[in-house]
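Got a structure for you, questions after.
Note that the chains are named A, B and C in the order they appear, and that numbering of residues resets to 1 at the start of each chain.
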Amino acid sequence: MKAVILAAGQGERLEPITHTRPKPFIPILDKPLILDTIEQIRKYVSEVFVVISPSHKEYFEKNISGVTLIEQKEGKGTGAALKAVSSVINDDFILIYGDVFIGDKSVLKQFLSEKNAILGVEVKNPKDYGVLVMNNGNLSKIVEKPEIPPSNLINGGIYKFSPDIFAYLDKISLSERGELELTDAVTMLAKESQVKVIRYQGFWIDIGKPWNILDVNKWVLDNLPSSENFGKVEENVKIKGKVVIGDGVEIKSGTYIEGPVFIGEGSVIGPNSYLRPYTVLVKNNKVGNAVEIKESVIMEESKIPHLSYVGDSVIAEDVNFGAGTLIANLRFDENEVKVNIKGKKVGSGRKKLGAIIGGHVRTGINVTILPGVKIGAYARIYPGAVVNRDVGLGEFFRA
Amino acid sequence: MKAVILAAGQGERLEPITHTRPKPFIPILDKPLILDTIEQIRKYVSEVFVVISPSHKEYFEKNISGVTLIEQKEGKGTGAALKAVSSVINDDFILIYGDVFIGDKSVLKQFLSEKNAILGVEVKNPKDYGVLVMNNGNLSKIVEKPEIPPSNLINGGIYKFSPDIFAYLDKISLSERGELELTDAVTMLAKESQVKVIRYQGFWIDIGKPWNILDVNKWVLDNLPSSENFGKVEENVKIKGKVVIGDGVEIKSGTYIEGPVFIGEGSVIGPNSYLRPYTVLVKNNKVGNAVEIKESVIMEESKIPHLSYVGDSVIAEDVNFGAGTLIANLRFDENEVKVNIKGKKVGSGRKKLGAIIGGHVRTGINVTILPGVKIGAYARIYPGAVVNRDVGLGEFFRA
Amino acid sequence: MKAVILAAGQGERLEPITHTRPKPFIPILDKPLILDTIEQIRKYVSEVFVVISPSHKEYFEKNISGVTLIEQKEGKGTGAALKAVSSVINDDFILIYGDVFIGDKSVLKQFLSEKNAILGVEVKNPKDYGVLVMNNGNLSKIVEKPEIPPSNLINGGIYKFSPDIFAYLDKISLSERGELELTDAVTMLAKESQVKVIRYQGFWIDIGKPWNILDVNKWVLDNLPSSENFGKVEENVKIKGKVVIGDGVEIKSGTYIEGPVFIGEGSVIGPNSYLRPYTVLVKNNKVGNAVEIKESVIMEESKIPHLSYVGDSVIAEDVNFGAGTLIANLRFDENEVKVNIKGKKVGSGRKKLGAIIGGHVRTGINVTILPGVKIGAYARIYPGAVVNRDVGLGEFFRA
């Protein structure tokens, strides 16, 4: 059997993180989401196709191997993406959306014996998703964001299809937003064939908004099997709870760690740093003197060397913080923090949310960053500046 | 015998601390001044009357018990306050000003056997107070702030009276500032009866200005009988000098404490905090990563969680400091710090004085507060702001 | 034999450090350069003359003893300086420039047996110096900053002369910059007498620019013979590498020191300070809570008490940093940091260079100082200010 992963989205809602990496390369601890998905699905299939955007070709070629990359050259939407593999697939196959993470991977096995199937995820707030209408355990149709949800099962973005699906893709027309929607084809398929709904109650997330990067890593940290230490920990380091310390990590005296925390390989921590629960340091990070980090994901090579506070934030790769750069993560009114997503203020559902910072950003010393701010990749923040609005890609922000 | 405590003042000179609590609730370590006074006087009397302002009725009812609250509904001044209890007192009684703290409580006992008496406190600078003129160990009269003090004994605000005093209160007229002054009645009484002066050489303070809150707590800390620890202290915590650690306190590794210091119950300190001499954390406080506190009183529930310096400051209840909020406590010219008290700049007599911060204040991250500044209760300070003037009650200070 | 040290320069290029001390009093660890030079040369001579500027007379008299001070009252340049001692020298003598430091002092011995000699220092970049042209091991002439250097030996600023040199000084005329150049006289001398070139391959530096103070101390620290501890080190202090801890030093718990580091007598460090390689604390310094210092020279009595980062900086005596004062030491473009030297931007050759801060400066809290900035002696920096240009002597910088 083969598997197809749809990974062609531009990930605009995940900007600025996606300024420098395709969305499926969001890290789950130190592993990009898509590598985790591939690793899981490979247990059941002989070949994996990954549908990508031509603009991401180079990035994928450099960072992924053992799969066949297929460029989606035409059309928009999940339907158009799947059509891109129609010529290479001629048997039943598993289809997975590249931005979906499931906590309980064993559910994948259930797809193997079905001809057509869809993952139905039990959620509390179905009306924000595509909801499954069912009949006798099989799918009737998928309705998008219904006011009154017909069930609490939503479309989990994992399918089993026979090659018949391609014929349906040819029949559907563009949706209101101008995309070819795979779900339209699935609804059509469900009318004429049995599409088994595979119920799933475990952790599931579609990583669509920046703070979902925090959510998924929080879940993974909460489910760490045990502490591990492949690094060097000096005396007078306090470690509580589950903490994973990667290869070549150095933790200097006076550091205080409250797990669950993940410290990726090659990182240098301390002295006198404070890592609080749900801190993920992906790889080769530096966290230095008197720095405190809480519930944040800090990607490869990024450095927070002196006197900073970082809470509830996502920081992409190769970022360098000037001494005393602080991120606020709570509004004075303690209301939900909102973030600009594709030009609209979107509620994050979080009372505490810090900043979303793109790759290769540099901040000067004594920089102040307000809650919910996004800073574009390659931006520079002048020393002493108060960042009270989003900063564009490569912008030099002075005041 | 009965006792009367005068506690009806509005405490304007103690603003912003008195924005949210009556003056007699200034904490002495973790006990409000008035509760300490009541506890002492109860050893000698059967009933305690507390004269309060009607505007404080709710606060007193909630925070005090076992005494009779009497509202002062008419007039201004200590004389008017005492008149408020005339109908309930018909025997000799002890009278105590609610803003007076005495270090050596045993002096109270000397009042019991006298008919009329006044506490005469020996001080070095009598001309700033009401000074006692004496004759053969008895009071002749009280003179207010005399240029050339007739003695070094001042009116300590503790008296013993027979009910006769009420008759004199009816005879006196309003003073220049429009108040009915008890001292005028006492002078009249002293002319006709014996008013014994009870000499006192111990620590005495009338808590009238915000920095007196530091003074009184400093004295109490200097006289701590011994260290106590009812909390949990992690390894690698350094404790020097006398330190009281209350019930349920948690002190995390890397914290450094130089006593005398008082850490009230339920507080969480560290990691890597630095508490210097004369720090009082009243109750349920949080002092976090790399925070340094010196000679300051921090009241109930207030939090200074990250990268702050607080020196020579008074911080009321439920204040929250954004990361990196710093308080300056020394002028460039190293002159005495001055504070606005009822519209006038008043010298504090202190070379080092930080800020006076009202209840429920929130500061953003990276806030800078200048020496002698007062911040009204419920104020908000915008991130990165430099607070170089007083901030009003509930004001949103941006720059 | 006698020795003459030329120490009359005004040291303008070393401002603001020379706002409050003559150039030869630059500290080499805790010893002024000129005291080190005198100590060395005294092994070989019976009397030392130091030529000084009349404006420095008081400073020298107070800080140096056992030498004869000669004021240079007339003329400019090294030639004019040497002429100032013509009346007191009548035998062969050693001449040393007061701003020269040599790592291998044993070379001085080689001068003793020569009549006329000059130190020829092997360098990689001779064209920035006075280069020696030689003939058979003897000097032919000295050429200033030649485009194509005739050798890799430069004028090391150490000479042996017979009193004949004074006759040549009378013959030379003013150079283009209006100074009487000793090297012109030496070139003339070399034409008529043998001037032996004493080759030297060790560490040599002419301390002309502020960052040379870092260079010379770095060399000395790299050549520390061993760690020493004459102070009091509390528990939980981590010390790595070679660290010299002077008399009466107190190092508090949680401090982390990565040698080579020099901590001069009477200094108080910690708690939770971080001293990184090439930190020199000259004497009686205070480095406090959560402060990090790296590759910097901090002179006598200066205090960095709270939450600061100081990297690659030179800080003169009696400076006091407000809490949270930070110095940036890296440009966003990671280019060489430039510094204004006598009105011109001069490349420091350093990618990392912080600030150069004169004596008695005070910074407010939360001050931000940019790379390569010079702050004049006695300046005041307002709290929260961003110092993005040089600050003059005694200036009050607000924004």
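One rule holds in what follows: contacts are C-beta pairs under 8 Å (C-beta built on N, C-alpha and C of every residue); 3 or more make two chains touch, one makes a residue touch a chain.
Values in this document were obtained by computation on a predicted structure and should not be read as measured data.
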Give a one-word verdict, same or different, on whether subunit A and subunit C use largely identical residue numbers at their interface, taking over half shared as same. different
Subunit B onto subunit C, same sequence, C-alpha superposition: rotation to the nearest 5 degrees is 120
In angstrom, rounded to a whole number, how far apart do the mean CA points of subunit A and subunit C lie? 55
Residue numbers in subunit B touching 2 or more other chains? 236, 254, 272, 290, 307, 324, 366, 384
Which of the residues in subunit B end up touching subunit C in this complex? 236, 238, 254, 256, 272, 274, 290, 292, 307, 309, 324, 326-328, 332, 366, 368, 370, 384, 386, 388
So in the complex, which bits of subunit A are touching subunit C? 234-236, 252-254, 270-272, 288-290, 306-307, 322-324, 362, 364-366, 380, 383-384
